[in-house]
Every structure is written in C-alpha cells, then in structure tokens.
Amino acid sequence: MIKVLFFAGLREQLGCDALDVDAADIASIAQLRTRLAGKDAAWQSALASEQLQVAVNQRLATMHADVKDGDEVAFFPPVTGG
Amino acid sequence: MIKVLFFAGLREQLGCDALDVDAADIASIAQLRTRLAGKDAAWQSALASEQLQVAVNQRLATMHADVKDGDEVAFFPPVTGG
Amino acid sequence: MAAIISVSVQAEGFDPGEEYRSLRSENFADGATAMFVGNVRDFSPIEPVGSPVENSKGNSVAVLELEHYPGMAESALTDIARQAAQRWPLGRVRVIHRFGQLRAGEEIVFVGTSSAHRQAALDACAFIMDFLKSRAPFWKKEIGQGAESGHWVQARHSDEDALKKW
Amino acid sequence: MAAIISVSVQAEGFDPGEEYRSLRSENFADGATAMFVGNVRDFSPIEPVGSPVENSKGNSVAVLELEHYPGMAESALTDIARQAAQRWPLGRVRVIHRFGQLRAGEEIVFVGTSSAHRQAALDACAFIMDFLKSRAPFWKKEIGQGAESGHWVQARHSDEDALKKW
C-alpha cells in the first residue's frame, strides 16, 4: 500500500485527507496521480493543477519521482507559511 | 572661532579633546588641518593619517569642505561602532 | 564547530524576548544576533460602509488558520536550518513555526541566528525565511469576521523568486 | 505613510524583548519584524597558559569602552534610519546604540524594523547596521582584564565594502 495524504485547498476540494492506494502497477508519482485522477471528474480536475506539489516520505519530490510499496506520498498546493 | 573636537585614538594621541581655533585665514578643512599640524611634531604625525575622518557641524565631510567662523569641526579615526 | 539548531512546530504561542535570551545564554562567542518575527496582519485599506467583512487580500482578517504537514514540517525546517549552518558560520539557530488558529497580531514564525559575524547572522536569517516561505509545508487560510468558510492564501511568485538570490 | 522612527544613544542597557513589544504594540499593519542585536564578545581561541591577558583581537575582552560623539551620534543614526525608511516601506524603525563601559555579553546595539513585507524589514535592518558600522561616530576600545590601558579596535575594510551592495 501507498499512503496518500492531501493538504489545504486540495484536501478541501477532494473532501479527503488521506487514503491508501494499492502499490501494484504504480512505480512513479505520475502513475499514482493518474490513478487518483481516474476516480471521478472532481479528482481529475483537482489533481490537474500544474501548481500541485508532492512529497515522498516527507521530502519534496518531483512528479517524476519513484514510489514504492510502503511509501507516504503527499499532494498539496504551493506552501504559504511564514 | 572654530570649535575643533578630537575623538578616540586621535584624541589620545594628541592629549586633547577640544580646542578653539581663530577662523581668520581658514576657509577649508584642509587649511584647518595644516594649521593644527603645525603645532608640533606629534600633531603633525597624528593629523597626517590618510584614514582621518572629519565632520563639520556634526555631519561627515571631506577634507575639501568649507569651514567658517562658528563651525564645529571634529577629526576622528574610522568609526568602529555597532 | 557545528551550530546548535533548535526547531519547534507548535500550536502554542512564543515570546521573542525569551527566544532572544535563549540565543544569548552563555553565548560569548557570537557578537551578532539576527531575528525575524512574522505576525498575523489585520488591515482594511478599503472597507466600504455596509460591505460584508471579507477574507480576501486587503480586508480585515479575523482569524488565520495555519494547516501543516506534521512530521514533514519539522524535518523541512530542520533541513533549511542545517543548510544555513553549512553556508554561514553560525553559533545557534532557532526556528519556531506555529499552526492552528491565530488572531491578528499574534506571532506565527520566529527565526533567530547568532554568529561572530553580523552579515552571516543577517544573511542566514533572511535565507531561512526565504526557504521556509517556499519549502516548508504550511498553508494559511484567512477566515473573516463572521465568515463561515475561509480563503486560502495564494502563494506568490515573488516568494519563489526570492530563492534565486541564494 | 511615514515610518515612525525612534533613535536612542544611551549609557543604560536595553531589553530586546521590550523593544520587540514596542515595535509590535498596536501595529497590525506590519506582519514582518526584523531585528539585529550586537553584543560584546569575549573569546580566547588561543590563550597559552601563563600568557598575560591581552586585549587584542581574539583574546579575552574584559571591558569594552565605547566612545561617541554626542549630538552627531544621534543625528547620524536618525539620518541612516530615515534613508532606510525612504528606501523601503517601513512601519517602524528603532535604533539604540550604547556608549560607556560594557562587559562581555552585554548589548551594544539594537536595530529593529517593521514592515508589511519581510524582505523590506530584513533588508532595511541589514542596511541600517551596515551604515551604522561605517558612518555613525562610535569607537570601541577593548580593555583586557587587569590591563590599565586599552586597545582601539581598528576599522575593517570589509565594513566599508559592505556599503557597496546598497
């Protein structure tokens, strides 16, 4: 399983803060994103944002990053702390 | 009269923190400096420093600045506050 | 000598005066201390009479809600502080970032650096703030007075651009 | 809107925490506060056994004596603060510089700036420190433990060079 987290505006858009995704057939963030976007139109729209950022195991990553069983992946909008 | 002040290391070298100088024949800082340097060898040496800074009426000035009766002129080494 | 780095991600408030004392305590090697504090703003340059209180840019902010990614927030801030300590000769680095609901005027973030050199302390403080703004997982939501839902603050390009100078 | 500028040249100590509170008091427009504090250092990287305590660079400083040019010191600091306020959108500027005898660890100088913009607050704080270092009439003399006379701190070229970036 891959643990997937969503934060801030994205979390609200999806109405979901976390879910588990079967790691079979998923080797990259891009594949994970495609799988999630396939759930329905709302997910497709929310995950289509070019500004979307991703972290793998709590470190910022790119959409090309590898992902494997047991990883924690988080999607979120650009950060606005400070 | 021109009121002349000396600070920090220069004050100690000269053994003098302030003196009044007759403004007659003195129109510039350079002339004032020459007059003071003429007092004796110690003054000549102390006032010869290229690093010497000057303020006229409490504002930083150059050695070419004008000076007139009633002005306050201060000579001092490079500042080291902060 | 490695810098002493301390990072906190917390709901509670903090006292910048106390943080200053902690940066200085038994610290005779560092003559320079730089600090930055970010507070919740609350201002209404244009507030027409009778208009509803809005939560968008430039209007009155009653409450700021700060969401964060627990775990990653701490490690991202620690990573940024370490990068600063590798780049400049720092004695101590202190970073605090709050989360949860904050009211106007309250402290959000504190960055403090001490060094033997003023430029190092100042540059490191600015560096940490710049990276924190664009790399640490915190999100701000402005909730206007009386408003039920809020407005997510949008990231600014100028914040991302600020990283280029380092 | 003109910045509120406050400058003090004083023998007494000050409390950076108190200065922070003063910069923030009823200040809801500025979300950013930058501060710099300079303290008297006291360190002895090389201190051979039996050597006399010296007051030169790198050795133990028992007392720092700060001489200043009364009147000009205040006006020079005010002028620097005003320049900063013309250059950046600052809400408040606070500058304190002490004179007289200070012991290791004591505060010498405080610069605090508040602004709606973090970069403005940080840059203005650094700008004021840079100009203060090379343009405000203060002179430091290090007096070693037990030493009767002292050693005037020499100005560094790097401080003059620091002005070029502004």
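Read from first to last, the chains carry the letters A, B, C and D; within each, the first residue is number 1.
Note that a contact is a pair of C-beta atoms (placed from the backbone, for glycine too) under 8 Å apart; a residue touches a chain by one contact, two chains touch by 3 or more.
Being a predicted model, the structure only gives us computed values, none of them experimental.
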item	value
Where subunit A and subunit C are represented by their mean Cα positions, the distance between them in whole Å	26
Length of the line joining the C-alpha centres of subunit A and subunit B, rounded to whole Å	71
Between subunit B and subunit C, centroid-to-centroid distance (C-alpha), Å	48
Of all residues in subunit A, the ones touching two or more other chains	82
Contacts with two or more other chains, residues of subunit C listed in rising order	38, 118, 129, 133
Topology of the chain contact graph, where touching chains are joined (line, ring, star, complete, other)	line
Pairwise chain contacts under the document criterion	A-C, B-D, C-D
Complex contact set, residues of subunit A against subunit C	5, 7-9, 11, 51, 55, 58-60, 74, 76-82
In the complex, subunit D residues that touch subunit C	15-18, 20-21, 24, 27-43, 104-105, 116, 118-119, 121-123, 125-126, 129, 133, 162
Contact footprint of subunit A on subunit C as seen in their complex	38, 66-69, 71-72, 75-76, 97, 108-109, 129, 132-141, 152-155, 160
